[in-house]
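Quick heads-up: structures coming right below.
Next, two complexes with subunit A in common: one pairs it with subunit B, the other with subunit C.
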Partner chain A sequence: MKPILTIDQLSIVHRVSEQRLLNQVTLSLQPGEVLGLVGASGSGKSLLAQGIFHLLPTNLYRTGEIYYNKRPITTHDRGTNLVYIPQSVEALDPLMKVGKQIVEVIREMNPEQKMLELLQRLGLQKEMASKYPFQLSGGEARRVLVAIAFATQAEVVIADEPTPGLDEATKREVITLFQELQQSGKTILFITHDFDVGLQLADRIAVMNQGEIVEVADQTSFSGDGDQLQHPYTKKLWQALPQNDFTGSS
Partner chain B sequence: MLTISNLTYHIANKGYLFQNVTLSVQPGEIVGLTGHSGIGKSTFAKVVAGYLTPDEGTINRVQNKRQPHPVQLIWQHPEQAVNPKWRIKKVLEEAGPIDDEWLERLQIHSSWLKRFPDQLSGGELQRICIARCLMTRPDFIIADEITTMLDPITQADIWDVLRQIAKTESIGILAISHHYELLERLTDRTLSFETLSKK
Partner chain C sequence: MKEFVIKRTIRLFTLLFAVSFLTFMLVYLSPIDPVRAYIGADMLLISPEQREAIQSYWGLNQSMFLQYKQWLTNLLSGDFGTSLIYRTPVFDVISDRFFSSILLIAIAWVSSGIFGMVFGTLAAMNEGKWLDRFIKGYCYVLLSTPGFWLGLLLLMVFSVWLGIFPTGLSAPIGITGSEVTFMDRLYHAILPAMTLSVVGVSNVCLHTRQKLVDVLRQPHILQARANGLFGMRLFIRHGLRHVMIPAVSVHFASFGELFGGAILAEQVFSYPGLAQAVVDAGLQGDVPLFLAIVVMSAVFVFVGNWLADMLYYLLDPRLRRGEKPS
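Take a look at the complex of A and B:
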């Protein structure tokens, strides 16, 4: 099968210090798969997403290429073929009603009707459509962001840390939402520091350390003592989980 | 022993957040506290650490004049718990003269002291917050989701140090977390806030 999204030797470099924050990252996503990207905070996970969408701060630049269906991505792809669910729920437009924000991305007949269906599917009341983002709880806002991902025709969803600081019940709910996204045929790059969530959701896991991808492993390799894992850092990450050895760097 | 009896707290126009919560922590003991989001665990932590005043109930450790509070709170987001415009040295000095022993035990590099908070990673900054907490010589610590935002290796490192310190210094720790496996691994016993705050 040919990959739907290919990241080819992507580097992100600081303009002044020439420091490489992301070094030659190469990854490809097959249609319909969920690829989890895990790693410590500051390892460059979010930069990768920002790099794909050309959302980098001005003091950084990128080298390398990103392909969508084997052709280099263009600004037109952003929001149409690729959609980004950012880390912060503050990404919603604070001055626009929720319903309108969803309707805006729907490219079908009867967008209003479609929007109401989506709200229902995600367990939100239809009154939600006439609310402003500040009137939503954190969980509701997150569901609205997922609704927007559903509403677009985009085949590829890149989600940056959608589960920070959530309790187990809410976390399960978010996992279910993303499983539904996958079942609807979308390809997902799921960025998280929460290893457990990554393992529950992803088919393959890419492990990032200090700006480099050290290993891409099947989800099933993360079992037992981690004998099937190749890189020492990946093994360490696996063994550090409380349900495993709970051993740190020392 | 830290003894909290019948602690009750309400939010104006919203009713009681929790009522009659009673629990105790022994010196050197690690007690887990769990419960779903929004149930009032963090507010409870703030009340016990002296940031908020309860409606009713007693806590046997309170702040004496010009002394640090004997129950110290470590927060979930270290970057929100320090002044972003202060260098790390000044952040630490909030708790008094810098004690090199703690820096060493928490593996804090002396070069970090010159930096600003946004020049450290989440795990490094959390260690700074823990050092600041320990430099006040607390009897008890409330750790409110302190490793939720960190990767598993950093999480294991931080708890490894804290567990040792709890033992050697006889500091009791109340660890608030959603992470069942973590509490299972870490604590002597785990309490459910739902059960404790039955109305």
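Take a look at the complex of A and C:
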């Protein structure tokens, strides 16, 4: 099968210091696949997401190319073929009603109708549409973000740390939401520092360390003592998980 | 909401009471003798008896508190007293000049608001580029320009050299008051209004620019851009309202500055508005006129601030629905 999204030797460089924050990252996603991208904070995961959308801060530039269905990505792909689910619920405009924020990304007839359907599908009350983001709970806000991803009908979802600092129940809820996204046939790049969440969702896991991808392994390789893992850093991460007795950190 | 209005109204009256009392006290303590100011050069011709008669006629031989009480009672029954320099009821003097001043202030206020918002937005959308640097530089220069000097400069260029606008006054010379049209009024108000608005433009512009620069860095803008919004559509949907909040509050709260600026602008252009009347009243000891204008300007500034609060409340749903803004 041909990949739907290909990241080809993407590097992100600081304009002044020429420091490479992301170095020659190459990844490809098959249609319908969930690829988990894990790594410690500061390893460059979020930059990768911003780099894919070409939305880097002005002091950074990128080299390399990103392909959607084998053609280079343009700004036109934003919101049509690719959609971004951000890290924080602050990504909702605080001064705009939730319903309106969903409607504005819908590119079909009857966007209002479609928006109400989406709310219902994600288990949100109809009244939610006329609320402002500050009136939502953390879980509701995340559902709205997922509703926006559904609303665009984009095939590729790039999710940047959708589960930071959530309590267990909300975290499980978010995981369920992403499983729904996956079941609806979307391709997902799931960025997280939470190895556990990555393993629950992803078909494959890419491990990132200091701006480089050190290993891409099938989800099934993460079992036992991690004998099937290649890179020492991946092994260490795996063994450091609580269920593996924290052996990696000793 | 009801509570809000009642609170504000009580505050307005307390403020007016304090302002009028303080002004009254200052005028009372000032070295200007109202009788001398009233009689003028003929002071030498009147006898001490006549002088005392005038003093007791006006109640000047009473204590300050009694005088203030008298003034306040008259005011509450709608009587502002009689102006000493114009020899007509204060109310007539003010209402005549009120229109001139309001026209001037309104033109200045509206134009500085619109231009300030537009320039500020343009600068922020092009942050760091030449347009931004140009607008910022322009604002800094204007902010450090004294208003009266700018007025003189405009007068020199537009009235003396180019002859496009009149050099002063609020109506053409040589025609009666009833013949003056609104267009005449407007034509005479443009230069002083320009003087007044230019400084206001920089204020609103720099506030708008800074707020929009901050807003454009917020996660919700990144999200909107990742979802395909850009340019004007992005600004109108996700920037405008955020920018309106500080711009509106700065602009409505600038009523006070505007009134102060109007005094200078009216002086430079010999524009017969309220501000010029207050200067005359102050210098010539016309206490009734002076007090009335001070009270009126206090109301004016208060209303400006009050509107700013109200609009803030309307524009920010977080305030409206009983939450503190972030």
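Note that in this section the second predicted complex is superposed on the first by the 245 of 250 C-alpha atoms of A that agree within 3 Å, B and C clash if a C-alpha of one lies under 4 Å from a C-alpha of the other, contacts with A are read in each partner's own complex, and residues count from 1 in each chain.
What we mean here is this: contacts are C-beta pairs under 8 Å (C-beta built on N, C-alpha and C of every residue); 3 or more make two chains touch, one makes a residue touch a chain.
Owing to the predicted nature of the structure, the values given are computational and were not obtained by experimental measurement.
Q: In the superposed arrangement, which partner chain does A:Leu241 touch: subunit B (first), subunit C (second), both, or neither?
A: first
Q: Once the structures are superposed on A, label A:Leu55 by its partner contacts, choosing first (subunit B), second (subunit C), both or neither.
A: second
Q: Per the contact definition in the header, classify A:Lys114: touching subunit B only (first), subunit C only (second), both, or neither.
A: In the superposition, A:Lys114 touches no partner, neither subunit B nor subunit C.
Q: Which partner does A:Thr170 reach: the first (subunit B), the second (subunit C), both, or neither?
A: first
Q: Once the structures are superposed on A, label A:Arg78 by its partner contacts, choosing first (subunit B), second (subunit C), both or neither.
A: It touches subunit C, and subunit B stays clear.
Q: Which holds for A:His231: it touches subunit B only (first), subunit C only (second), both, or neither?
A: A:His231 sits against neither subunit B nor subunit C.
Q: Touch test for A:Ser41: subunit B only (first), subunit C only (second), both, or neither?
A: first
Q: Indicate the residue numbers of subunit A shared between its subunit B interface and its subunit C interface, in ascending order.
A: Common interface on subunit A, subunit B vs subunit C: nothing in common.
Q: Show which residues of subunit A lie in contact with subunit C when the two form their complex.
A: Its residues touching subunit C are 50, 53, 55, 58, 75-76, 78-80, 82-84, 86-88, 90-96, 104-105, 132, 134-135, 148, 152.
Q: Under the stated contact criterion, what part of subunit A meets subunit B in this complex?
A: Residue list for subunit A touching subunit B: 38-43, 164-171, 193, 195, 236-238, 240-243, 246-250.
Q: Residues of subunit C touching subunit A in their complex?
A: 128, 218-220, 222-230, 237-238, 241-242, 315-318, 321, 323, 326
Q: Can you check the complex and tell me which residues of subunit B touch subunit A?
A: 36-37, 76, 121-123, 145, 148-160, 178-182, 184-186
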